[in-house]
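Per-chain residue numbering starts at 1, and chain names A, B, C and D are given in the order in which the chains are listed.
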Amino acid sequence: MTAPTSDHPTLDTSNPPLRLRHHCGVVGVHSPSEDRIPEKLFYALFSLQHRGQESAGIAYRNQGRLVVYKDLGMVSTVLGRYLREKRSSTVGIGHVRYSTYGGNKIENVQPVLASCNKGDIAIAHNGNISNAGTIKDALVEEGSIFQSSSDTELMLHLLARSRAVGFFAALRETLARLEGAYSLAMIHDNALVAARDPLGFRPLYIGRNGSVTVVASETCALDMLRIGDYRAVAPGEMIIADESGVRSEQILPSSQKAHCVFELIYFARPDSSVFGKSVYAMRKRMGAALAEDDPVRGDIAVPVPDSGNTAALGYAEAAGIRIELGLTRNHYTGRSFILPTTAERELAVRMKLHPVRSVIKGRSVILVDDSLVRGTTAGILVKLVREAGATEVHLRLSSPELKWPCYFGIDIPTRGELISNTLSSKEIADHIGADSVRFLGVDRLRSAVGTADDFCFACFTGDYPIGVRDRDKE
Amino acid sequence: MTAPTSDHPTLDTSNPPLRLRHHCGVVGVHSPSEDRIPEKLFYALFSLQHRGQESAGIAYRNQGRLVVYKDLGMVSTVLGRYLREKRSSTVGIGHVRYSTYGGNKIENVQPVLASCNKGDIAIAHNGNISNAGTIKDALVEEGSIFQSSSDTELMLHLLARSRAVGFFAALRETLARLEGAYSLAMIHDNALVAARDPLGFRPLYIGRNGSVTVVASETCALDMLRIGDYRAVAPGEMIIADESGVRSEQILPSSQKAHCVFELIYFARPDSSVFGKSVYAMRKRMGAALAEDDPVRGDIAVPVPDSGNTAALGYAEAAGIRIELGLTRNHYTGRSFILPTTAERELAVRMKLHPVRSVIKGRSVILVDDSLVRGTTAGILVKLVREAGATEVHLRLSSPELKWPCYFGIDIPTRGELISNTLSSKEIADHIGADSVRFLGVDRLRSAVGTADDFCFACFTGDYPIGVRDRDKE
Amino acid sequence: MTAPTSDHPTLDTSNPPLRLRHHCGVVGVHSPSEDRIPEKLFYALFSLQHRGQESAGIAYRNQGRLVVYKDLGMVSTVLGRYLREKRSSTVGIGHVRYSTYGGNKIENVQPVLASCNKGDIAIAHNGNISNAGTIKDALVEEGSIFQSSSDTELMLHLLARSRAVGFFAALRETLARLEGAYSLAMIHDNALVAARDPLGFRPLYIGRNGSVTVVASETCALDMLRIGDYRAVAPGEMIIADESGVRSEQILPSSQKAHCVFELIYFARPDSSVFGKSVYAMRKRMGAALAEDDPVRGDIAVPVPDSGNTAALGYAEAAGIRIELGLTRNHYTGRSFILPTTAERELAVRMKLHPVRSVIKGRSVILVDDSLVRGTTAGILVKLVREAGATEVHLRLSSPELKWPCYFGIDIPTRGELISNTLSSKEIADHIGADSVRFLGVDRLRSAVGTADDFCFACFTGDYPIGVRDRDKE
Amino acid sequence: MTAPTSDHPTLDTSNPPLRLRHHCGVVGVHSPSEDRIPEKLFYALFSLQHRGQESAGIAYRNQGRLVVYKDLGMVSTVLGRYLREKRSSTVGIGHVRYSTYGGNKIENVQPVLASCNKGDIAIAHNGNISNAGTIKDALVEEGSIFQSSSDTELMLHLLARSRAVGFFAALRETLARLEGAYSLAMIHDNALVAARDPLGFRPLYIGRNGSVTVVASETCALDMLRIGDYRAVAPGEMIIADESGVRSEQILPSSQKAHCVFELIYFARPDSSVFGKSVYAMRKRMGAALAEDDPVRGDIAVPVPDSGNTAALGYAEAAGIRIELGLTRNHYTGRSFILPTTAERELAVRMKLHPVRSVIKGRSVILVDDSLVRGTTAGILVKLVREAGATEVHLRLSSPELKWPCYFGIDIPTRGELISNTLSSKEIADHIGADSVRFLGVDRLRSAVGTADDFCFACFTGDYPIGVRDRDKE
């Protein structure tokens, strides 16, 4: 059975993305007195834009009604109106989203709202339910209809079908049936409800400033709202913020944790903390670890901006060589014009990244990036750097070799498309024209991260923290 | 329980509409060989634009997938792209829609698609299910979730919940549970399915040209597609068009009929046939009936364009006076600029309708329109005509006094808002400044229509063809 | 020498228009106290939309500055913002425009503003300067630069180059050099200035309501602003409205007049007066004159809506036959979707005009329209009417045969394209499939109009009121 | 006399800009064989986007006609269509632009096209004519009209008014009358013509690849088009590229030079060369010079991204301290939502720049930026860095104190608005809350740049390279 498909123009799915992509970012705000919640949601989502650039949406309670506004597009485009049109509200949630390949459907844009026997509910979800297929099959069998392919609609069905009495009992029952990753922000009645899966795959923070309560995927959103006092929502924890205050409940046991290490490597913003760790500090340590026993000593370390910036700093310091911003990035590249076809991919990279000839010419360059997926962009970059006169180009990646798919919220291409499943580092170097290519070993990454047992490294190792029953259906 | 509400900008719901408004128009096309169905749906919906100007949408099967495209806006805006971007398809349906007051939500735009245990289904619906509230309460109780307030979503739930085996058995069961008005176009697998309620409230026609099968609310859509050979879908009839041909089945008994007489009075296009009758001919007969014993003999009959045009012709002929196009209409009035507030209503009318001074000056004018709802526009018009120099202004309406709400697909204001529930004809004349006001009597209307027992006159008489259980909920 | 050309997307110039088209409509408003001039200009231009649908613009003085806003598009689209964003102002002018073939350039959109030694000036122009080529050649020779191909820029150059002292002396000198048609609205300092060519080709009215002065191409714009007290600006007259009142000056002698008879036949709105005559009354007289000695007696007269409406009424009355609205017009046809290519012209007509089968079937139809240009649409219409079952179709035109180009503001195709230069009425009937075709004779038209010596009939007779020196350059 | 003013919505001029802004960037391409010039212009302008983000435009010869397309907006928005709609052409020019305060008028968008007695001409201009007022007064006196306030229209008038025979003679005469800064790209007939003022204020490069000739403001545009072989157009040099090849002529003597040092400090892209110098290398030298005798030794050097990046690198290396990317920049800040009012300026900065707490906390921070205009943003940034836990914040600017206006193409606020005209470094530090503020001394800047006598430092010293006659008019 296939899901209905919208013919609405999609933004950018003609080609598979060249980078790993996240599913989403979420935010929720509660204030006991009438406040401009949509405006706050705008600012928070704006700071989470890097977690999803294909759609944005908010839901909030306004004059007793549960209201939603969402569309394909960037936060500033979709939600900018709320800076002009102020709406009073005491509770709201928001969402930014990347789609899976080819699935940039308007139907899947979040938050999702529904009326059911547990009341009116709005849900914004970051993560991926790994047993969604099994649950959906059962629901369809029982007579549920699906108007999208989202996990969010699935949760709403479970909430409605639950025989438990009341929304919160039904929510506990629903979450207990779900496997996989979820960091949720919800509205029920006048309450903001947040919950996180027991393994804590995706980050979720909660902060307070006076009587205002905010939950968000990363601390940068809390900083944006000037919420200085925050902590992580614990794996398995549910939080309820309403007029009577903020309550917490450990609704699912959480003995083991499986934080996504890629949040630290690439997804989260460097000024954020996730999983209790400074992203910036972690990336510098990864860069340093990468330099530790590097047999090559280049003249300069050059980051691939902006993904390689912090790791390159760490590398340069540890290696004792100069860092140079030898590639500049044109940030005007927008989505407002049609992106080139595969054949014009090199042109697309040339529009975005430019070597600084005077820096690179005559130098042995250590090029630092976070990870290697297919190797396409890396090949073009090595070519650009060589054209600018580098005597040698050595590519260094601050993550191990990507080899396995993710069932918990990251778009990783199929195993066959991942270059590290086909070629060795040496062969990759030949393939992309570099003098050498080195990855950060898994053990070094574990050391750099620190509390490694709390993290999931499955995309590098294939060692998944939980069984993945619906794997074949993906 | 309230339904979720979108904050998407609405087009025109700041004020209640001054005219009666329809819910919808539907169309469906099936062709056994790959054909440009979306293009055909565009042309058919374009000719049904008068049945709904607030949203438009189509669903069609393309390369095995069920695809939908719909949005707020006019047909030419929302669907114009399909004239450029041709899509091959063998089956599709389309919909145009007015919203109920304040309910112009993107979520309610049709067609609606869903996946369920009966397969992937798309539905476009014209009408109103009068027992929707009762059914919805039961469904919610059983654990269904509602993402809109549309009857269409309700039907999809019933189809999915049905224990009957197969789509068609479930459809029979579903339709048997529905009370009220429905003219449906659906896609299931590769089949176009159409059905009409047993009382035949709303029109629905089916026509063929070679192997192409088309269903549509009015014959003007069939004319547009150059389908010369058509007939009405019978009340209670289901039609299935697929690769093996066209099949018909009387799935519900239809002893009594209740065609909406307002389709003849105002809704349908004058060049259409509905309920087997020429709309133009019927309107001329209504106009003539109105003139029959009119004690006033004016100098000229002037229609309120375009709603009063045909009746005015009939009136003038029967009364033996001249018809003059003494009011001109500016058709550039679009929805592209913000409509005036209530206070500026007079300005809005002045932008649209203009008296021809040289025609009106010094004359006793018989102003002919189809119906009177609140009397607001009529008052402004009478004023305009007087300003242009009319010696007398007599308003004639080619329908009886509107007094009762409609539960079968027409937006009629509350009883209190209907001027005929508060004022007599004499008082209305005083109120709007006319020298006299006369309505077409119900009996004369019945005679003019001919087969009056097959029609519903409930909005004039309060004599509903079926019990209306959910009435209080409306 | 060619003029610069914009690559901005044009709206609708892929095909030559099927109807004759006007160049423009103009309006000007002056109020001694701060008033919302842009809003008034909006309403006035909205009522002149029929005189130009391809661009719209206004210029007004706001806080001491001369400000312009103009763009391609309809009045409601381009200028609708002024209903929301109120601007105080005491003087402003406005313009709507059709382009010549292929010349729908943003550069030519009016009003045009310029600074020169006579001050800051804004001009809106309706008409066509027949000696523009000669003047332009001289100006270019002297060192003027041209950024558009508009007559308006030409006038600004003449004003600036004039050695006369002061704006008004320069304006007198400038107008004395111009040949052809112009109805002008201008802003200079805080004054509204209007002027009309000595032959009075195009209409121009002036009206007052209290201290507010308005000039406009047609009286319908004055009606819209509720200006009841108006008169025509005389040929050769200049009017100045400023804080000290309204002054008039006959700046050019006007012994002979040459009002465009096509304004009465087709261009002006039926509720307008132009050249002191009711357009509606004139059209009925033309229709009646057309019927006078018509050897054919049809069953019904059917207008081609809306251009043939009023003439058809006159025809039916004079012929003593019934009028029937046997063709309905779909007014939703917008410019919002791409217009069909020539090959799809028939489809375009079918989307717009629909025969009412029950009226036409079995009848001999007198089809009444205003004029015949190429005959393309007429051929399709005759076909539609025949398909609807007419026993005979007789086409009647309320104007004589179009044979000559216009140098005074109307887009008439080349002589070779005009069907009446190639075929006789009999041959046209054969060509378009009609049983007969008859035009209104020039003499009958002259009688119907009344003061025929004051009118220009050159497009029918080739007898131009002034020599046309630049004719070959056009 | 004031110039006409457009009421078209401006993008961002409600507030004076916080940074210095450039007037423009130009590009020109010639190819002897039919080539896709608009596409090349797109890519070149895209890489010059940093030189002007408020409007973009191109002019090119297509099928014998000179065609222009320009609008307010970014390159990707305005010109993105040319990636889809290919146009063959052999010659074209392009332009990006910032406006002066409040002057973001559609009329001033370039290139400007005009027809005159020297033919059809298109001009794109980067710079500012310092005697424009005097020339304009004379032209107006002689009867020229001005439809904009641009220097470009001025040049077109001079070309048309010139009594010299032929375009090139007139161009020589015209340029000889101009004082100030101009880097020009022009189209005349089928030739690309480029010229640069004799002092060489603004950069202009010419490069060739096979038979394709390209001129552009910066080398990054040539790199984008893969033109490896380039040189600066010499001050006073005119270049003509047409079907017969490329010719150069020194049309004006150039004994003295006055390159704008701010191009090196801030405007040009770091990967560009301008004035024969690597921008990146120059900025590192400025940063190093700034560190040389800095009495403060911070723990870390933190650049204000991106303007302070390269100088901070130079500073850190010279000071022997670590560089940390302690402020991250959110590049999603677009122009697509309404920018905050002055009162919300801090919020705007917070949306764009974010401190990395883990880096800054407990550290003495050397914050490096390029220049200080009003000090508003700097004050907010110092506050942000302190909030993130810095023990000390020392602001270092890689340019001297800005004190004088620029008459040669840079928007510098009035002297009164420049903070360095009012406050000493010590006072500025107090004002913005920094522990210290230091500027790069003029002498050190001269040393860092190298060939300092060829540069203009007037905005720091008031020592203008040429008299500025129209100064008072500005």
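FYI, contacts are C-beta pairs under 8 Å (C-beta built on N, C-alpha and C of every residue); 3 or more make two chains touch, one makes a residue touch a chain.
Quantities reported herein were computed from a predicted structural model and do not represent experimental measurements.
**Q** What chains touch subunit A and also subunit D?
**A** none
**Q** Please identify the chain with the largest separation between its CA centroid and the CA centroid of subunit D.
**A** Farthest by centroid: B.
**Q** Among C-D, B-C or A-B, find the interface that matches A-D: by residue number, over half of the contact pairs should be common to both.
**A** That interface is repeated by B-C.
**Q** Suppose each chain is reduced to the average of its Cα coordinates; what separation in Å results between subunit A and subunit B?
**A** 47
**Q** Between subunit B and subunit D, what is the gap in Å from one C-alpha centre to the other?
**A** Distance between chain centres: 60 Å.
**Q** Using Cα averages as centroids, what's the distance between subunit B and subunit C in whole Å?
**A** Chain centroid spacing, subunit B to subunit C, equals 37 Å.
**Q** Hey, how would you classify the chain contact layout here, line, ring, star, complete or other?
**A** Graph shape here is a ring: one loop, exactly two partners per chain.
**Q** Sort out for me which residues of subunit C touch subunit B in the complex.
**A** 43, 46-47, 49-50, 53, 74-77, 80, 83-84, 220, 223-224, 269-271, 273, 278, 280-281, 309-310, 313, 317, 322-325, 328, 330-334, 336-338, 340, 347, 350-351, 354-359
**Q** Can you name the residues of subunit D that touch subunit C in the complex?
**A** By the definition above, subunit D touches subunit C via 1-8, 62, 65-69, 112-117, 119-120, 122, 140-141, 143-147, 153, 156-157, 159-162.
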